[in-house]
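I'd like to ask some things about the structure below.
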């Protein structure tokens, strides 16, 4: 009894489209395959036709959740090509926005994880508290999502004393709320039970499949571009690389929550040590022929831009590798031999972006109406039997805080 | 092991397999190799120097040739491992047997540049839409896109 | 004149008109509570404080295009919603709201508790059929899930309803209510049964944490994916009325009914059902959806044994009292 | 009388379907979700987010249409029962934003399906979306 | 044990009696922060036709058209349906012909309404 199921690309509630096609045998996913291209627009070709300045805004719109990640990655690459040393205050502000973005992104993820478990109130509360970060970003940068802060040589806006104070005040609130959510997570037995042991990705597999970000760190590999290849001012800020050894969805949640707390500390440090001076320096329009490889630790993992210039004001080649793409191969691995009931959580765990996929389940090439429905219900009962067996194991899993 | 030490090692131990190596920038080493030596060098870097993480594979259209760059990282350094492949016969070997995570990037190269990846485990199209015409490779420099006219509803 | 009363009973109070009005009010109450618990406002601009929101929803659905999918079984697809609504309205008539006759009649007779419990399972079966006949994968999965859940909560619900009946020594809702009106303290004996019944009602209404059959993140609209327009409106009404009837039944059986004739009876009815709806809303807000196997597990491991325990307690107490 | 009632109900109970046409950055999608959260709470106006096109009245579309997605957008549009309204939210859905001239995307939603209202912004603020919904509903005849 | 079953309940009940976090918009206008990037407003009198803004705009949102052969006079057309409110034009223009207002309620029913001409 083998048949194909495809998830996506329709997604009634949010985000863009990816389609996952699986071959099922009973309730077990024997083979999985991702179909991309629903969101492919052709940015890399477009970038070759745009000037460097225009490309800042183009790269910003590669993605709406970590818009600052892509611009920073691009801008610091081009600064190297220009042999430009950016203003120090500018770098501090750049890093500050980057950490604020990480906070907003991880909080968003927390809410989505709750939603995947059908915990709507939890979703509502995390998103309400996320508005605090959004307000700060709105206030500093002039927009809630696309901050447009980066420019060659620094940032475009300064931060004043009043803003500093407001951010510090908000941090207290956020820290308190994060701890509260931790408590909820730790005390909600069904929640922990549904996360632990799901979506296993061993250390070896994670490395071999070139996973990045929390997905990789949750498999016990302490890779973090901020430490390995420091950019901006990360070599001046104290912070720890957060890892977990459980290699499952629970581990990925733990890594993210730990990173939230690290980020609060980093934001505080950055604000208290903000250097005086100009926040940007003037940049040339044309760039000498050269090439650069720029790395950045986005909330979801390593983000990579390869930029080649040819002496004009447009890049010769811009190659972008967004973190989610790097995790797809690992996701397929996690899904294989897994159970169909866990798909939403496994997807949510690499990134909230594509978990929308599970909103449309559709059976491909059915033989007759009757048999396919039957097989699906059988499949589900089998999955249930499986869960009865593993239930015991999961009960022992505890939130490691 | 820092970048300099890695550079020394590459220059010392596999000098015969590479064409040239250079420290291009802090923590960046650029290594050029022949197409045929790619797998051997990759395996050496991975096994001896822990370059396990393949961030991505970039293709660049140089006119006569395509340059294919493998971006490999370990915890201190990134190596830009590059090969050339002639436009007339754009073939590269698949590296999936050394680094399984390369599959998506190789499929992307096939879509975008029309490179033929030999022994690729999964040759299907990755990004372009289902009815994309055969033989059109958008990231080649000689491929130009003609914009369709934009219709604004409600007339002029 | 004698015929007028039953007609009024069926059409006006507590029949069709009252049910429709009151059930939409209850939906508003539930949505508003839910929103407030989430630190939101909820419906606000439709009527005063949004009180007409559910009415607007339903009128709008009636006025919308009504698509019958090509693949669906046309007759079943169209007849089911009406059927379900008729059944649930009939069930409502058995609530002892306003009784003009002491003698058994068609709306109150010995054993009507069993009839009501039986009638209440019918809408669930219709949900299943609706899903099945839509001929859509989600609908079918939703339908099957409905049925699976039915086996989970139905037994505990029946057992829970049994215990007050045993205590009152009657199968007639009216008499059970009377019994507790006379001895209000004995209501406390049934506390466990009460909560079991409320939880089972939540499952019957398919609300969080038991909204497994139409879990939007998993199977889109579940058994109702293909329904639109009028038919969807019927199903929405069905859900609302089911909530009122279920709450009314629990109030009648566990909380001493609605004494005092027409007006005080109405007041009691509203008070008690709203209290139960409050419990339901709080449960919806405080929990996350569980998987279907967890639901079945939960009902067999906790609900059913507890219901049996409740029954034992009742029997013992009964022995002591009499 | 009946007509006025129907009209009133339509204005008061817009159920929305959120459709991402693919060629956007998902900033707008997040803002739509934010508009439903406690801070902005679109449910005040009777808005409910629906998962299936069959239950929806208003389609809120984000992102420029990618070639791969064109047919899907049309199909979803056809599944929404009449009367239906389409809101193109964000610069992408209106005119293609920074992706104008990209080989794998069209200019905006209105190249594929008719659009009733446009919400400028990249992304729009949740309040701007609210403003658009209110304006659209007030204009319904 | 009780706390273990529904740890969230106390928080929910507390909020039942709290003011909702919801803003009153659209009955009270939302105050945008200072420096919010709203719509671009042009001052055609200042424009000298250097075309820097047209070249820097990432979204092809600006057209500058010379209106007179003899004088240096220009018509500026802003396509608000394409503009991404990045404020690059404000930064780029050497004569400060642009500024941004705090307007965000600009929803329209036709794209033609979003095309604004400044003379």
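The first chain written gets the first letter, and so on, giving A, B, C, D and E; residue counts start at 1 in each chain.
Criterion: a residue touches a chain if its C-beta (ideal position, glycine included) is under 8 Å from a C-beta of that chain, and two chains touch if they have at least 3 such contacts.
Being a predicted model, the structure only gives us computed values, none of them experimental.
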item	value
Chains in simultaneous contact with chain A and chain E	B, C, D
Centroid comparison with chain A (C-alpha atoms), farthest chain	C
Relative to chain B, chain with the most remote C-alpha centre	C
Whole-Å gap separating chain A and chain B, where each centre is the average of the chain's CA atoms	24
Computed distance of Cα centres, chain E from chain B, in Å	40
Intercentroid distance (Cα basis), chain C paired with chain A, Å	43
Approximate Å spacing (C-alpha centroids) for the pair chain D, chain E	19
Of all residues in chain A, the ones touching two or more other chains	12-13, 37, 40, 42, 45, 54, 57-58, 61, 121-122, 124-125, 128, 131, 146, 188, 359
Per-residue overlap in chain C, given as positions that touch at least 2 other chains	35, 37-41, 138, 216, 220, 285-287
Residue numbers of chain E (touch at least two other chains)	8, 12, 20-22, 32, 58-59, 84-86, 110-111
All pairs of touching chains, each written as two labels joined by a dash	A-B, A-C, A-D, A-E, B-D, B-E, C-D, C-E, D-E
Residues on chain B engaged by chain A in the complex (per definition of touch)	24-25, 27-28, 52-56, 58-61, 69, 71, 73, 75-76, 78, 80, 99-105, 112, 125-129, 138-139, 145
Touch list for chain C against partner chain A, complex	37-40, 132, 135, 137-138, 140-141, 144, 208-209, 211, 215-220, 285-294, 296-297
Contacting residues of chain B [partner chain D, same complex]	127-132, 138, 145, 147-148, 150-153
Residue numbers on chain E that touch chain D, as the complex places them	20-23, 25-26, 30, 32, 39, 58-60, 79-86, 104-111, 114
Residue ranges of chain A touching chain C (in the complex, touch as defined)	12-13, 114-122, 124-125, 128, 188, 190-191, 194, 341, 344, 358-363, 369, 372-373, 376-377, 380, 383-384, 387-388, 391
